[in-house]
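When the chains are written out, they are named A, B, C and D in that same order, and each has its own residue count from 1.
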Amino acid sequence: MDVLFEGQAEIRFTHPDDFREWVRTHKKREPVEKLMTEREAIARLVSDGDYLAYDFSSLTRGPQALVREIIRQRKRDLWVCAEFTLHESALLVGSGCASRIDVGFMGYGSYIGKVVAEGRVRVFEWTNGSLAFRMLAGARGIPFIPMRNLLGTDTLRHSGAKVVQDPFTGDPICLVPALNPDVFLVHVHQADVFGNARIFGTNLFALEAAMASKKVIVSCEEIIDPSEFRKEPSKTTIPYFLVDAVVHLPFGAYPGGVQGRYDLDLEHIDKVNAITNDQEMQVYLQEYIYDIEDHTTFLEKKVGWKRLQELIRRAAIKEGYH
Amino acid sequence: MDVLFEGQAEIRFTHPDDFREWVRTHKKREPVEKLMTEREAIARLVSDGDYLAYDFSSLTRGPQALVREIIRQRKRDLWVCAEFTLHESALLVGSGCASRIDVGFMGYGSYIGKVVAEGRVRVFEWTNGSLAFRMLAGARGIPFIPMRNLLGTDTLRHSGAKVVQDPFTGDPICLVPALNPDVFLVHVHQADVFGNARIFGTNLFALEAAMASKKVIVSCEEIIDPSEFRKEPSKTTIPYFLVDAVVHLPFGAYPGGVQGRYDLDLEHIDKVNAITNDQEMQVYLQEYIYDIEDHTTFLEKKVGWKRLQELIRRAAIKEGYH
Amino acid sequence: MGVVEFTDTELMICSAARLLEDRKTVFVGWGMPQVVAMLAERLYTPNLVQVFEFGAIGPRSLTPFVRGTMGGPSNVYQSLQWINMNWAFSYAVTGYIDYGMIGALQVDLYGNVNSTLLGGTYERPGRRFPGSGGGNEVASLCWKTIIVLKHEPRRFVKLLDFVTSPGYLDGPGAREKAGLPRGTGPWRVVTSKALIGFDEVTKKMTLLGVLRGVKVADVLEGMGFEPLLDAKLQEIEPPLDEELRILRQEVDPSGLIIRGERMRTER
Amino acid sequence: MGVVEFTDTELMICSAARLLEDRKTVFVGWGMPQVVAMLAERLYTPNLVQVFEFGAIGPRSLTPFVRGTMGGPSNVYQSLQWINMNWAFSYAVTGYIDYGMIGALQVDLYGNVNSTLLGGTYERPGRRFPGSGGGNEVASLCWKTIIVLKHEPRRFVKLLDFVTSPGYLDGPGAREKAGLPRGTGPWRVVTSKALIGFDEVTKKMTLLGVLRGVKVADVLEGMGFEPLLDAKLQEIEPPLDEELRILRQEVDPSGLIIRGERMRTER
């Protein structure tokens, strides 16, 4: 295949056959109980050096409690898919967990920009659309997928995409490699103990990433009975056999919100965005993550029931979220 | 792009830019009333020579009333996407409407096999999966999509796919061209007058094909108020701006069933499958299509309310279909 | 012990059902494979996850089986997930589907399958059949493919009239060389007389077992090629009473699916 | 007629909102474009179909605007369809999206956009910003892209520090040659002083209008390149009372989005 142009980024690429082999040997087909604590899930399933992806953003239905647990366990050398992300990149880099970032949207706040400028984390350039498309290719079991964009830009130059001549039209077309993360974190509205999961509202690539990833950790607001899924199969976002761990974490998206359940806590989010240097970062990490045992303790000591009640109260819109 | 192997089938291929141009100039973005009779919809939107696709099968939620109207209007030279299809191919060929078929699964009954053997219709070889994947590429606006199958077979040889060396793995990979039908027919549970549509249960490629096709005709069991869609946006299968006509056709899938509504009528289906030659085909077409004014008359004179009541009664499973 | 009477179809359904493993996934093709999966689920593999190409994942299909249905409510009853065709095949491509089950008009020594045409040319076939459907996907992408076909010698041919779905193509390594997923391929051929596997090294068909009372020579007679013979040739037990009861009373009381050529064997 | 006071942000929001057409679709980026769409929907384009990259199609976003939100319940209120990112961008690739709206750190003469970094090298940028987000998709795939940025001369440069999202690249025909969809490209640049278009033939930026009371020389001063001047230069009306009322009272009563440099102009 004649390559007209090649982006220079390093890519984390898994041969589709190697991914299949992983699925064959590691993914249980039968329903087994996968309920565990966040400590157990992250300890068992996230390894140093893993490629990490997650669904939605710090503001809405992001897997924030799981991300905090990764930081708490001081995982190292993670490669992060910064798709549509806001402050996760900053926290994961500031805590020394992440060393590489595939950039879709790297988040606001000045901290992350600064550490990138200082060369303390390696970044590779993609876009929200191309990372989502790479995930789709990963879920379709194909090594790459063509795109009509990235073309003509420095984004392409600093990505891992290739440009070839399309054999059907003769035009140049961009090919992006499949993405098969090692770990996918997703926070959902409802799950059962086997891992069946429901999201209400939109998602970035929940099913794509669950299918494309070697290890999938679901945290949920609510545990429901497995029979519920079989009554309304159209509502199933992720079937159990893609999932490796289920963690029951009410308010697990805090300080972000979960549609129909609770609103985001902008005050806390501003606190994270206000971090400008390592010292402030360490203070935040110490206070909200390292010194806190787990998510329940975090809610109890660092948020408080009164605040949570207020966030629930603010989530007045319930339409469509059931 | 180095092509290692090339299937020899003729393909209906639309350059993605030409498809975009069609969408730009023909597809109304605002909600306008699109309710019309089946006669009007087919007369306006199906032209001789069109490439035709439809969702699901003769047995379940197929757009049978719309297909009968196409036959009634004696459209000619259609190229049919026989994806997961059963007796539609036979009827469309037997009536002289279709001259070319992209075969996924061409249907049972001996009639269609016979006319293919006699060379009276041109066939091109694909698979259910590759036709669905071609539709996905059409909906993604990309000229082709890679697949891990078709490879190594005569199906590939008689398809329009190409094999190239994958620039990411170095392995051979199959590329199938995007499919952008001229017309897509879909029968749904609920629609509004603007074309918003809901399907309950599984589908083949309802949204893919609606997005990939130049003209989309929705027939529905039930017309509901547009505000309903905005209350539960996750249930919207197809948004109105993809749709060109809405036809209210209760029992529009007959003799197939619609999940949660009415069961299939196996006796009538057997009647179609029993057709073995042109004479029998003409008798069937005359009695059930040509001599019948429209769908309502068909139900009244050829099925009867008693039979329909029985089919409704048999559709006892309602779980998930709402 | 007496004599058991059954049809060739019933025998194939029962033999195939016994092959499936519990706690695994199976991609179920149209027709007989559906009935096989239903029988297996009721008798042998309660935790089998069925996957249908039209997007039903993990249904617990209701009996009786509705003839011809694929996608009807009793077929997709209590699924885990309802989605669409591209997603259904995605589960197969990414390695989530352990078994696939398809029918065939013809097979060859390497388990390549024809379901497209018999005789003539592509443009003017002697007889034309439905084509691949999802068969090519199943045979290409599932880990182990089970082929079910009637034991008629003319169906076992040296050279297929058309290669619809890939077996081991022309021998060891050929699938991988063609670009098909590594480690996949036909695993068993279930016929109305025999159970056939594939030699690990040569990838050639290997006779693993014959129906009780049937001679190996009867199985091989008239086949267009000679399969290898397994060192430990098994005897295939005819349909069990319980299998037949479920098939005849629960799954297909109308008898329209399980009908076929009548056979009898000692119990 | 008196004097009207407003911020540069308010001006840009109002100017951009006036550009949108009713009964069209718009791909809405994060931040200011969301507020533009809300204002337009309330005042000018009640039938505008908003599309968000995270899968909300056609929402009727509620006011007040929740700062930072993209995907929250009031943001996606009463959508036509909730789906995911790949589908959202599919609407853009297939030609269904008429307008796209994005911000920029820098633009050049051909409307190429930088939102990635300023100064230094790629590995060691002087300052690093969030990157493309969905900006590259929007600028590549929507029919007409509107770029909104503050009128600071240093933002209008001869050579971008980084080309994040494509304008007309290096001139006429370059987008098509690169493989981008035919007939797309930047359409307007909305700044805090001017409205800029692109010449149909040369694809170069063309000054279409300046804010009432602002001199053309003020607009051009310090820019790294000189745009063409349209023969019929328009005067841009400052924010109307009704626009400001909606922005300040309904959309952003907290004033956190619409705050900015204070400006004043004769009514």
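The rule we apply is simple: a residue touches a chain if its C-beta (ideal position, glycine included) is under 8 Å from a C-beta of that chain, and two chains touch if they have at least 3 such contacts.
The model shown is predicted, which means the values in this text are computed figures rather than measured ones.
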Joint neighbours of subunit C and subunit B, given as chain labels: A
Contact-richer chain pair (by C-beta pairs counted) among A-C and A-D: A-D
Between subunit D and subunit C, distance of the C-alpha-averaged centres to the nearest whole Å: 58
Averaged-CA centre spacing for the pair subunit B and subunit A, given as whole angstrom: 37
Inter-centroid spacing, subunit C versus subunit A (mean Cα positions, whole Å): 40
Chain centre separation (subunit A, subunit D; CA means) in Å: 28
Interface hub residues of subunit D, defined as touching at least two other chains: 56, 76, 78, 82, 86, 93, 141, 181
Shared-contact residues (touching 2 or more other chains) in subunit B: 16, 141-142, 148, 166, 171, 173, 201, 231, 233-234, 319-320
Touch-based graph of the chains, sorted into line, ring, star, complete or other: other
Touching pairs among all chains present in the structure: A-B, A-C, A-D, B-C, B-D
Touch list for subunit A against partner subunit C, complex: 16-17, 19-24, 27-31, 139-142, 196, 207, 211-212, 229-231, 233-234, 236, 239-242
Complex contacts: residues of subunit A adjacent to subunit B: 1-3, 13, 15-16, 141-148, 162, 164-169, 171, 173, 175, 177-178, 200-201, 231-234, 319-320
Residues of subunit A touching subunit D in the complex: 56-57, 59-61, 84, 86, 103-108, 112-114, 116-119, 123, 125-130, 132-133, 136, 148-155, 158, 163, 166, 171-174, 201-206, 208, 257, 259-260, 263-264, 266, 269, 315, 317, 319-321
Subunit A-touching residues of subunit D, taken from the complex the two chains share: 30, 52-56, 62, 66-74, 76-78, 82-86, 89, 93, 112, 116, 120, 122-137, 140-141, 160, 162-166, 169, 174-175, 177-181
Subunit D residues touching subunit B - in the complex, by the definition given at the top: 22-25, 47, 49, 56-58, 60, 76, 78-82, 86-87, 90-91, 93-96, 98, 141, 143, 181-183
